[in-house]
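Both of the next two complexes hold subunit A, though its partner changes from subunit B to subunit C.
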Partner chain A sequence: MKNTNLAKRLQDSAIWIFIALELAFFGIAGEFLSLSDGNFLAPDNMLLLIKQTVPLGIIALGMTIIMINGNIDLSVGPIFALCAIVMLDSMTWPIFAGLGDGVIVIAWALAILVGVVLGAINGFIVWKTGVDAFIVTLGSMLGYRGLVFLYNGEQPTYHLNWTLVDIAESAPLGIPLPILIFAGCILFTWWLTKRTVHGRNAFAIGDNRTAAVNAGIRVGPHMVWNYVLIGLLVAISSATFYSASGSVNPNDGMLYELWIITAVVLGGTKLTGGRGSIIGTVGGVIAIQLMRKGLGHIGADTAMVNLVIGSILIVVLYLDRQLNRKGEEELNS
Partner chain B sequence: MSAQAPVLELKDIVKTFPGVIALDHVSLDILPGEVHALMGENGAGKSTLMKVLGGIYQPDEGDILVAGEKTILRTPLEAKGKGIVFIHQELSLAEELSVAENIYMGELPRKSLGRVDWSKLFSDVDEILGRLNCNFNAQTIVGDLSIANQQMVEIARALTVEATTVIFDEPTASLTDAEKVVLFDIIEDLKSRGVGIVYISHRMEEIFKISDRISVLRDGEYRGTLKASDTNQDELTQLMIGRSLEHTRPDLSQSNGDVALEVKGLSCGKLFHDVSFKVHAGEVVGFYGLVGAGRTEVAETIFGMRNKSSGEIFLNGEKVEINSPADAIAHGISLVPEDRKGQGLVLGMNCRDNMTLPQIDDLTVSGLTAPQSEQEIFKKYRDQLEIKTPNWKQTVGNLSGGNQQKIVIGKWLSMHPNLLIVDEPTRGIDVGSKSEIHNLIRELAGQGYAIIVISSEMPEILSVSDKIVAMFHGEIVHTFTSSNVTEDKLVQAISGIYEPENAA
Partner chain C sequence: MAQSHLKAVGEILAKHGILVAFILFMIAFALLNPRFINSDNLLGVVRSSAILGVMAIGVTFVVVSGNLDLSVGSMMSFSTIVVLDLHDKLGPLLGIPAMFAMTMALGALIGFLVGYLKLNSLIVTLGMLSAIHGLTLTYSGGKNMDIADKDGTWFGFFGQGELLGVPVPILMFALLAAGLTLVLSKTPFGRKVYAVGGNGVAATFSGIPRARIVFYCYLISSFCVAMAGLIQASRSLGSQNTVGQGLELQVLAAVILGGASLLGGSGTIFKTVIGVLILGFIQNGLLLVGLEFYVQYIVTWVIIILAVWLDIAAKRGQLWSPIA
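Let's look at the complex of A and B:
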């Protein structure tokens, strides 16, 4: 019993230990290897790093809940791009011409609407057809990307509104707005998974679906709500990011799903559902961003970064299995 | 009692699955404050009938009357809403979640904003666990509990709502005697409060101990309802399987074969220590003890599922190192596991493929599977074990609980092992097939197989073993031979109060 708890606790904190190791390594290695003379661990650099995790991070929160529930969402990339296109383009629509900067609020609302609707579509198809979520969202990933290209062909969509950029770049209380938004989303999703009936039911469904059905949990509607939630979070992420940049390429968000799933799994969420945590996922996204930045800092190129992160993912999952085994040995004793 | 209106009535229920008529015009009524036992062979349709009652299956025909009113139960939730609580045959728990969340699954107490009311949840559950004398608390993670304790969690679900009817589908299959006593107390308590109880079990002693009326199903047909006080085992057996059973103890052949397995000083962490014994070819060695005495763990260690911390294993006189089940299989050891769902079966695969799974390599011809030989193996063991399935293509998950167990046994028998270890071989198996399996074990011993049988049922151990190893707290207390064993001595041995001097 004791050992099981120890193993569990080790597992829960594994990602943070890993982050600490990364920090130590890049802090020291950076001194010797880096071409720039900036200190990797400088607060400014760290703040920037966290800011850069925001777009993926917010979506990963939603993915965590989807995966706890035993599903997956591969279509987050194109939804991310579509929300941005609608947000930026809507500001140029003639009907909103008289609104001045009030159009910003409408643009945000439209982006959110797009995310929620596309998420709901995924959810309803998964529920009503009973087709595996992997297949459904693989289909919608292709389909939604098609919509992105239909909108503006190969052309980027852009619109610069300086008020919007100012808001996006603002830093109330000295903390960049995106980080505050991220923090808000973390709090909300943490609360949802830990404290609410909906969240706990998601765990039950992912862990043992038959048991959940037998217990009278309405599995379908729960799944739809979770897809709506991830749609909402993708929209928030997209609005946060593109309000500052003002321009979307039709290929934006490609491979996001893979990075996000990697981060979520690194953070201790089970691919098959039933186990996972928001805090773990936050650790997962930060660990990946640290790795990318850190390797860049000591002069590795992108190819190298991908190789390293891929290997780490496998090693982490292997260690996780080993820890689980240790726990099982003590069962019944 | 006869004056009371039934809490629940089933009228002419028909339920078919592709190729199977699981229920053929079955009627049943449950009175308030009675324990109504439901009996029948494996695959007779007991669980199916109860799933109709529990809102899990919809009947093709027939009516359900709750408190005299015709009712349609579309989902488990609706059934629960009508006060029908279902304790399932197969554990249906979320292992990563806490005991409390499992017990109140689907009905977590809420506060504002859809929040879970944790303090109410935990205190309610701790109160229920207290009534059940459980030695774990509301916040324990279910996956950390033993199978028996998980069963207690299932049972605790019956106490959460104001039930009018509680269905127990083979609740005692993995309980210790002490836990059974608690369960029977709970049933008495529910009874006295006017709850109607449906109780499914293959264990005759239990049925006669607690039930008021007994209904029998056979091949999906209703065979009648008897008062427990007016009937006896033979009449019931006759009704269930259409013939009576001879109560003969199978021949015990005195073994004269070589030592097939010798275990010396085997230990595994805290689970068991210094276990030594021998099994001869042609001999059945029974391992008897309470749930948790370490019997299963010894078997799993011999089979390479656990790493031993010290000790040696000899097969046919040669020392062997077994580090994985694959090693064990290569040495001709087979294990029929206790937990068939988790370890024995691929539930989504069909019957034939499950049965031939461990020897698929031997059956392939230049890399291609050989359906013909697979078919033959399947047919042979289907007939020998009387497995009830429409055809080989049936998904194992759709078989009745007892028939799933038979598939597991068939699977390992078909391997013609040198050493066969069977852990609780007749759990959830009906009386007819039970003696069938006992005979089969004796027959195999007669053919020279060395066999280890682990069982918590005294009659079973006594009837099949040549030698009985009694375990207590991870240690071997004593090894009895079939001539000097008595029930009393066995009971003393497994509760740790046996004095070897007394041995004859």
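Let's look at the complex of A and C:
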């Protein structure tokens, strides 16, 4: 019994051990191989690194809950772009002209509205039609991308509002605002998965849907709420990122879904549902970003990043399978 | 009464729905723009669908066996870059087989991981998508790949040539479709693919070598990808590293549109080809009607959801899902 506990604890912290190894490796290797004088482990560099994980990280939190629930969302990329387009464009709408900088709040609210509505559409289709979430969101990945293009053709959408840029670049207490928002989102989703009925039911549904139905859990609304949640988080991520840059291309956010799913799986969330954790996902996102920046730091070809991350993903999957052999899984898989 | 009526309509749609939709689309586009029916246009659409189609045929095997393949897009970039590079280094006669061998080695690796090690195919191929992209970039050094002497080679034959008045890509697409249809529907191997996808446990208990079947499915898929890469390379005689990026999801969309279930055990090559053609003709038809290219994304979205939804609704005899 004690042994299994130890094994489980090891497994839960595997991603953090991996991050520690990465830090040690890049810290030491960087001394010898790096072309720059900067220390990889310098606090400034680490802070920047975490700041760069924020856009993908916030979305990955939502994806974790979706995957714990046994679903998947491939449409986050276009939602990310569409939220940004609406946010930036709405600041130029004539009806808001008299508001001055108050328009920023409205723009944020509109971005969040877009994210929530698009998420809810996904959720309702999954619930009401009974079509597999993979297919539904594969479809809406295309459809939402169409909406993105419909808005402004192939032109980029841009609007510079210096107050907005100042807010996005501000750093209360010395910590960049995006990181604070990320921290807020982590706390919120952690609370949601660990301390609420909704979170507990999400685990139950993902683990064994039939059993959950028999236990009287209303599966449908839970799924819809999860898609609304990921829509909300995508919108927050988008608002955080584009408030600073002020310009969005219609192709932005492409392949985000693949990076995010990779991070979530690295963080120990099961693709089939029922197991996973927010903290693990945070680890997964940071591990990937460390790998990207670290390999760049020691002068490795950036092409190596893809190769390494892809291979690690498969190795992790293999180790996970070896550690969690169950008779039934063996037969079914 | 209404319910059973709905069921009857649903059953017809479920069996031939994709064909009905296809025909309706063709008629609608033909009425909206006569140029659509022009044989040059029709041939052109099939020709430009050939690359997607060839890949979709291979992925059909994987999907019928109950797995997924997200790596075909980046694998196609790989084979395109490799064949262009080897064309100049080894010459086309040696370069093409070498490229097929390298691509199929990747397919064999995926087949080993998914078949024999029994790892989740979605994550394995997701990892391979990323890894193969890295491999391609490393191979090419991040540069675009071009054939040095574009006029003095017969390599363009596969992408640009014509045989008996039919463009070669279409010919390859058709031959591959016909050949693999035979394999999937008329051979013991094909039946085993359906068995493994339909019920893996039952298949194992009836003595079907599940791992080997899955392995071969990925091998076939990578063979088709190599073919697609060959057509792509030959068509343009030069390529970027990212030429196949995003194709994996389009391929899946075509396969799903053709009615293959992602759970495995159902789907045919013929229906997949129809799915590919629908995607191609929608794209072309909407452009000819004068709409922007991105309208096809929205239309494709609606069609995919409707197609799968009606299929499921017909099977359960109920339009709306019974989930509480």
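Here is the rule we use: the second predicted complex is superposed on the first by the 324 of 333 C-alpha atoms of A that agree within 3 Å, B and C clash if a C-alpha of one lies under 4 Å from a C-alpha of the other, contacts with A are read in each partner's own complex, and residues count from 1 in each chain.
One rule holds for everything that comes next: contacts are C-beta pairs under 8 Å (C-beta built on N, C-alpha and C of every residue); 3 or more make two chains touch, one makes a residue touch a chain.
Fair warning: this is a prediction, and the values are worked out from it, not measured in the lab.
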Quick check on the subunit A-based superposition: subunit B and subunit C, clash or fit? clash
Applying the touch criterion given at the start, work out whether A:V213 contacts subunit B, subunit C, both or neither, answering first, second, both or neither. both
Scan A:V282 for contacts with subunit B and subunit C and give back first, second, both or neither. neither
Check whether A:D301 is in contact with subunit B, with subunit C, with both or with neither, and answer first, second, both or neither. second
Check whether A:L150 is in contact with subunit B, with subunit C, with both or with neither, and answer first, second, both or neither. second
Could you say whether A:G274 touches subunit B, subunit C, both of them, or neither, answering first, second, both or neither? first
Kindly classify A:V136 by the partners it touches after superposition: subunit B alone (first), subunit C alone (second), both, or neither? second
Which of the two partners, first being subunit B and second being subunit C, lies in contact with A:K128: first, second, both, or neither? second
Decide which partner touches more residues of subunit A, taking subunit B and subunit C as the two options. C
So, A:R321: does it touch subunit B (first), subunit C (second), both, or neither? second
Residues of subunit A that sit at the subunit B interface in one complex and at the subunit C interface in the other, please. 213, 218, 330-333
Taking the complex as given, what residues does subunit A use to touch subunit B? 1, 4, 195-198, 200-201, 203-204, 207-208, 210-218, 270, 274-275, 329-333
Interface with subunit C, subunit A side, in the complex: residues 74, 125, 127-132, 134-136, 138-150, 153, 213, 218-220, 254-255, 258, 261-262, 265, 271-272, 301-314, 317-318, 321, 330-333
Touching residues on subunit B, where the partner in the complex is subunit A: 54, 56, 75-77, 80, 86, 88, 92-97, 101-102, 105-108, 110, 113-116, 144, 146, 269-271, 292, 297, 306
Hey, which residues of subunit C end up touching subunit A in the complex? 70, 113, 117-120, 122-124, 126-138, 142, 200-201, 204, 245-246, 249, 252-253, 256, 262-263, 292-302, 304-305, 308-309, 312-313, 316, 320-324
